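The structures considered in this document are given below.
Next, two complexes with chain A in common: one pairs it with chain B, the other with chain C.
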Partner chain A sequence: MRVEYINPFVEAAYNILTEVLGGDIKRGELYLKSASVPVMGVAALVGLAGDVEGRVIFDMDMATAMKIASQMNQEDLKQFDELAKATITELANLITAQAVTKLHDLGFRFDLTPPALFTGENMEISDHDVEALIVPMETSQGRVEVNVAIRDRM
Partner chain B sequence: MTENDIKSVMGKEETLHDGEVRSERVSVIDYKMVTFALAGKDYAIDIMEVKEIAKAGRFTFVPNTSPFVLGVYNLRGDIIPIIDLRIFFNIPTKARESDALESMIIINVDEQTFGIVVDSIDKVVGISKNSIQPPHPIFGDINIKYIHGVVENQGRLYILLDVNRIFGSRVKAAEEVATQAIEEKLIPAVAVSHKQSKDELDVSFIRDALAALTKFFVTAVNEQWISTRYQQWRDVRTAGDIQLKSEDDARQYLETFRSPETGTFWNDAYASEISNILPVNQAKQINVWNVGCGKGYETYSLAVILKDKYPNSRIRIYANDSDLLAISNAPMLSFPENMISPIYKPYLVQGVNGSWSFNQTIKDMILFEYHDCTNQNSVPNMDVIIARDVLSFMNPKQQTSVISEFTEKLKDNGIVILGKNEAMPQHSGWLRTVQGDVVAFSKE
Partner chain C sequence: MISKQDFPAINERAPEGVKADGSPFKVLVVDDSMFVAKQIGQILTSEGYEVVSTASDGLEGVEKYKELCPNLDLVTMDITMPKMDGITALEQIMAFDKNAKVVMISALGKEELVKKALLLGAKNYIVKPLDRKKVLERISSVLGK
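Moving on, here comes the complex of A and B:
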């Protein structure tokens, strides 16, 4: 993945998570993963198009998703209902949008697709021919992995 | 309960189970060994091989024996040979005082009695036979074939020596020493082949150590260099010091492996060698793949060379590295004036703080990507592939897959440039062209 793309995503994830969750956010070591991505339980996917093609996945387990949704709504949610789903979708939107804004300032043109939310056990997302950058974020609600796979259009 | 909880519970159960197994192991003591020290390290010998231990000195010197034979000793009427294990294993020994008493272990091997001299004798340790673990090739000091295994007991690691091997071979070795002089004159070929097989063994240990210590893997790509390097290495190191015992040793061994001008702007001589080896190419679009670009210095040098060589073509360099820290500054690389030679000058601009960087034309040629080329590569077909000192640091399987990736991505008139000491495997469809320090490979 193009080096210039990395920082905007890391910064956006850090900024937004700090803003909406408060508390201590730690960034883990970045690494590369080849295409097949197992999903922890809840995944929000945002597609990218324009100068580049690819997608960003926000991956977390159900407990983390519940805690994050509860924190963002300032109430204790009991089940993963419409409100909780909308909240996680919105979080994905916030982070991707901020990253794309930063990239726009650097001169890269991106368009976003509306986020899609996946939930379930033992899911795996495979996309062909793109390796993914993993940005692990440790929040006080649990671990969120930002999984970015973008390549330049050829 | 979430999946993670379940996992952690399962983990605990496993460790509990392990604990039980271990306590069972400790409770069955079916193997005793005498432990002793050589140069500060702990060693052991099976107690069944040991006849007794004693302190003695003033051994009677026997002329014309191997250096590790200290002499003979009268043990209550039996004359037994005395061997210094430290000299035998090439472990440095302290100068001994002439009348000092030495710690001796008297052992029985094949009905023969020997005395062996060690630094100090510790105690008898009882262990369970199945806690003996096989030796690992990077143990160093002592040739692996003499080690029966390794045992851990109360926080100490004992290297368990195989006495039968040592003294079984010693009998032969002594004979060999006696006849060696004649052999060398009469049948040098035999001596050479014997030496060669020892060298082969040493090289194979070095291979293992390099793979374990520095992730440097020896394959057809760098085999030739390894054996040449071994000859030099053997000449500069003493006999007992040939094996690589630490990362430092391994780094020293690899010192001459690196290609010239690594991690810096290429100097004029190297740049012109690269430029000369590039094929004539009239194509409008030229694609170059720079695998393992590191901090980017080499990639920028390459960009300037290509720009000069193919002024009418559109050049695209795909520069990859899997080291995020190294590559993250590459797109914005700036440097002081004293780093650069005049050939790069026309393509530089000076920033506000006085440091220099490359102009937009050069920068637009290069796409720096954080990418591991052992994953899927989505690059177009290439005219030039440069991967200096990259293949050698991948395991053999990855090497094979990356080489086949190169074959697939390289255009028929393209070239591959590997490190100075690397080569495409022979008879695999590659032609080599040499230009000074640079070797290029093209498809047959």
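Moving on, here comes the complex of A and C:
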């Protein structure tokens, strides 16, 4: 996978997480996975199709998702209800919109799907014929992994 | 006994969401995200505006506008929504009421759609993530405050 695809997502995740959560956001070491990737518990997935194709997942555990949703709503949410789900979905929307704007500026043309939110234990995701690049972001609320698997359209 | 008059007035500014006659400006919020609708509602009500209704897609937004008109001062309109997008809903609202005051709520990267909305009669736009100050500034400028 070309690295230029992932940088806009990492920059956008850093910018948006800083803006909506405040506090220090630290970027961890990027790693590559070519086989199945475990998903931590709450995953927002956005699909891309056009000059490039693939998907981006924003992955976190349930405790982190609850803390992020609570922080973004400025209230202590008690359960992962419709509001909490809408909040994590909106976070994925915000990060993707900023990343895609950068990719469009670089000349890539593609469309996005609305985010789909997956929740559950012991999940993993397999991408056929494309490796995933994963960048962990450490926030005060916990770790969010930006998991990008994109390739040029064949 | 301490009365209200004993305290200095530290905030003489009237809330932006209240008209000269003391009644609130009435707003319809059209957005498919429960989170964004709640956020807009909180920002507006904290400044005295009244969110009279919300709609979760463009079609419902147009229906509610027709129902509420003329007892409505402003609409906030998301762009990407199911059933009917915000641009089509804006067009239908403008066709129904050429004086409608619609403010578009847009994700980053929708510049072309925002331009189209402004040409179709939207009065202003706000790019997400929503910043309280920016939201209030744009909305009060549309209402001519």
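The rule is short, and it goes like this: the second predicted complex is superposed on the first by the 153 of 154 C-alpha atoms of A that agree within 3 Å, B and C clash if a C-alpha of one lies under 4 Å from a C-alpha of the other, contacts with A are read in each partner's own complex, and residues count from 1 in each chain.
One rule holds for everything that comes next: a residue touches a chain if its C-beta (ideal position, glycine included) is under 8 Å from a C-beta of that chain, and two chains touch if they have at least 3 such contacts.
Since we're looking at a predicted model, the values are computed, not measured.
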Side-by-side fit of chain B and chain C on chain A, or clash: fit
Contacts of A:Arg2 with chain B and chain C, given as first, second, both or neither: first
Degrees between the directions from chain A toward chain B and toward chain C, using C-alpha centres, nearest 10: 160
Touching partner for A:Leu133 - first (chain B), second (chain C), both, neither: first
Partner chain(s) touched by A:Glu19 [first = chain B, second = chain C, both, neither]: second
First (chain B), second (chain C), both or neither touched by A:His104: second
Which of chain B and chain C A:Leu83 touches, first, second, both or neither: second
Minimal inter-chain CA distance - chain C and chain B, angstrom: 25
In the complex, chain C residues that touch chain A: 33-36, 38-39, 80, 107-110, 128-129
Chain A - residues contacting chain B, complex: 1-4, 6-7, 30, 32-35, 41, 61-63, 128-131, 133, 151-152, 154
Contact set on chain A toward chain C in their complex: 16, 19-20, 72-73, 82-83, 86-87, 89-90, 93-94, 97-98, 100-101, 104, 114
For the chain B and chain A complex, residues of the former touching the latter: 2-4, 322, 324, 327-328, 330-331, 367-372, 375-376, 378, 380
